[in-house]
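For reference, the structure discussed in these notes is given below.
Which chain is which? They are A, B and C, in the order written, and residues in each are numbered from 1.
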Amino acid sequence: MLEILLNHYPVLLEGLATTLVVSLSAIALGLVLGVLLAFGLTSRHGLVRWPCGLYRSFWRGTPILLQLLLVYYLLPEVGIEIAPISAAILTLTLNTAAFQSEIFRSGISHIPAGQIEAARMAGISSWQTRRRIIMPQVFRLTLPPLTNEIITILKNSSLISVIAVTELMRVSEQIASRTFQPLETYLAAALLYLAVNLVLALLSAHLERRMTGGLATD
Amino acid sequence: MFDITLLWEVRGLILQGFWNTLWICFTGCLLALSLGLVLAALRLANPRLFGYPVACYVELCRGTPLLILLFLLYYGGPSIGLTLSASVAGVMGLGLYGAGYFAEIYRGGFKSIPKGQLEAARMLGISRWHALTHIQIPQMARLIVPPGTNQLIILVKESALISIISVDDLTKNATTIVNQTFQVIEPYLAVALLYWLMIELIARGGYALEKRLANRQPRPASQQGATPHAHG
Amino acid sequence: MPMADTLSPSSPPRQKSIVEAHGISKQFGDLEVLTDIDFSLAPSEVVCVIGPSGSGKSTLLRCLAFLEPYDHGSVYIDGQLLGYEDRNGKRVRTSEKRVDDVRAPVGMVFQHFHLWPHRTALENVTEALRLVNGLSRQEADTEGMAMLEQVGLSDRAGHFPESLSGGQKQRVAIARALAMKPRVMFFDEPTSALDPELVGEVLDVMKKLAADGMTMVIVTHEMGFAANVANRVIFMDQGRVVESGPPATLFRQPKSERLQQFLNTWRERNID
């Protein structure tokens, strides 16, 4: 295993970099979409809530591999040529947006209604209330599940190898078939995934500790 | 346009895939549930000896993709004399991977029961065994069901990955159909619906079980009726 | 759901009162929590609303602020109808923006403070100054410090709510409301969530406000405070106003049996 790491580290690291770029872009784009969806899910209007709920249900309720294949093969059918890596980022984004929206919806529902009433009584508009009062608290409140979601997306990004994106998994497959050492190669890849996820978890724990201004639930 | 006759023509492949996904998920989940229980029990029974290894195992499952585990079993296995068929590798992959998560779910349920309850039981002369079977386990069950259901759903969805190690499951057969018919939407959507159906059934089942367990153990009277509009 | 009825054709509200309500009622599902309530509030008047729990007094205050939309009747703030408008003879809900505009003269203090936990005491006070009034950070801070000074908490400006006592939290909440220069202050059981020894500091701030001529509506269980500070006391029971008048009359010569009962229970509980 060590031998594989030493002999092939440039390609492995390149693969890892692609994994990180794809995952983190999906996480960031999914965050924006997820927040908007969460607003939709907590909307007063059924006509907004309902389609958002359907979206969440589909993207959380079907295998991500299937979603990837659907996006990758469907877009060319409707005349949109898309590079594998873009299809990968798009799928992971649409998928994580659904999961993140549920995380944020749950976070929003944990903000005491009185805090929002207090903002409304001070004349703060509902959009500003979301931006300044609700979301800053929601991000802190949801840091642990959000970290889990980032790790899940990082792990799930391994399956974009099936549409020939040369990320860590794909690179490992190539090394394994060249060296005929699948066990050692995949163990090395596992180690790299594990290391990245461990760093993420530690980073998140550190962030959580550093946050000032707690979340009293009065 | 959505062509339903196309699906009828390929029903054999869809049913075969569905059947394979079903039995592999079922055995894989069963393995995950029982192996997870063993891991959690070992850890609780002798934290000093098993605490660290089990914790490492849990972190390993959480930190690495299932796909890697499947590849290790299927492609890496033969180099240590472990030659598995694709579907057996799939079952084992799901089982070993899920066990890490379930071990943690069981442990969470066990730890959330206040120690005071056990002390109260001991003071009444109730034996350790009876306290476990009559006080701890019934309460644990209720706490475990929601995250457990969630994890089963995740495993069913992750089972699609076994198609990559060439198991003829729903996902693999859907792709086969796509390649044969050059139609993308119908096979993938039909298969997505079947996954959705399985997941919905698990979710409903979990919910029903949770309610049943909750009924058997009356909680303090629900306050929903008293305050129809909670706004404080 | 009860349908909102048409605009009350009765006389337009007299300009003298800041807050005025005609025949408002409110239901939660099948439960009628407010029945046909009339209310008016003159400038510099201090009105205390008392009554057993579940009598609808908090709901009344929340309806006057449109935190709960009332079903029937009308509420006017400074002569403007709050929450509804007349469109082709039909009564419809106004936009959120319009609600904000009409109730701008009203400040509110809640039982459970509802400070924003991710903001310091000072930031709680300056948030709306910056977002709504568009003050610069510096202007808002100066203004906010003055408000904290007024409630005796300028030394706690940089503290987060979690490190403040209940009494301090409620004083910050009062400063937060005062910062928007309200002409009326609504208090919804401002001391009910406090430990007994912390009630005094909050009541002191409120007394000072009353002495400075602030118009106030206070839902409270503090009878002593009501007797000393209020110009008028309203006793509510089962969603209706049973009796109202100057505190001296109300507490010394209660007319209705229900008020007598309520006062007796209160005395019994507070003698030993």
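Keep this in mind: contacts are C-beta pairs under 8 Å (C-beta built on N, C-alpha and C of every residue); 3 or more make two chains touch, one makes a residue touch a chain.
Composition by chain, UniProt nomenclature: A = Putative glutamine transport system permease protein GlnP; B = Amino acid ABC transporter permease.
Given the structure is predicted, the values throughout are model-derived calculations rather than measurements.
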item: Farthest chain relative to chain B (centres taken as mean CA coordinates); value: C
item: Per-chain CA centroid nearest to the all-protein CA mean; value: A
item: Whole-Å separation of chain centres (CA-atom averages), chain A against chain C; value: 44
item: For chain A paired with chain B, centre-to-centre distance based on mean C-alpha positions, whole Å; value: 21
item: Distance from the mean Cα position of chain C to that of chain B, given in whole angstrom; value: 52
item: Contacts with 2+ other chains: residues of chain C; value: 67, 112
item: Chain B: positions in contact with at least two other chains; value: 231-232
item: Shared interface positions of chain A, touching two or more other chains; value: 112, 114, 117
item: Touching residues on chain C, where the partner in the complex is chain A; value: 65, 67, 96-97, 100, 103-104, 106-108, 110, 112-120, 127-128, 131-132, 160-162, 169, 173, 176-177, 180
item: Chain A-facing residues of chain B, complex; value: 59-60, 62-69, 71-72, 75-77, 79-80, 157-161, 163-164, 171, 174-175, 178, 184-185, 188-189, 191-192, 195-196, 199-200, 230-232
item: Chain A to chain B touching residues, read off their complex; value: 58, 61-66, 69-70, 73-74, 77, 112-114, 117, 151, 155-156, 158-159, 161-162, 169, 172-173, 176, 181-184, 186-187, 189-190, 193-194, 197-198
item: List of chain A residues in touch with chain C within their complex; value: 112, 114-115, 117-126, 128, 132-133, 136-137, 140, 212-216, 218
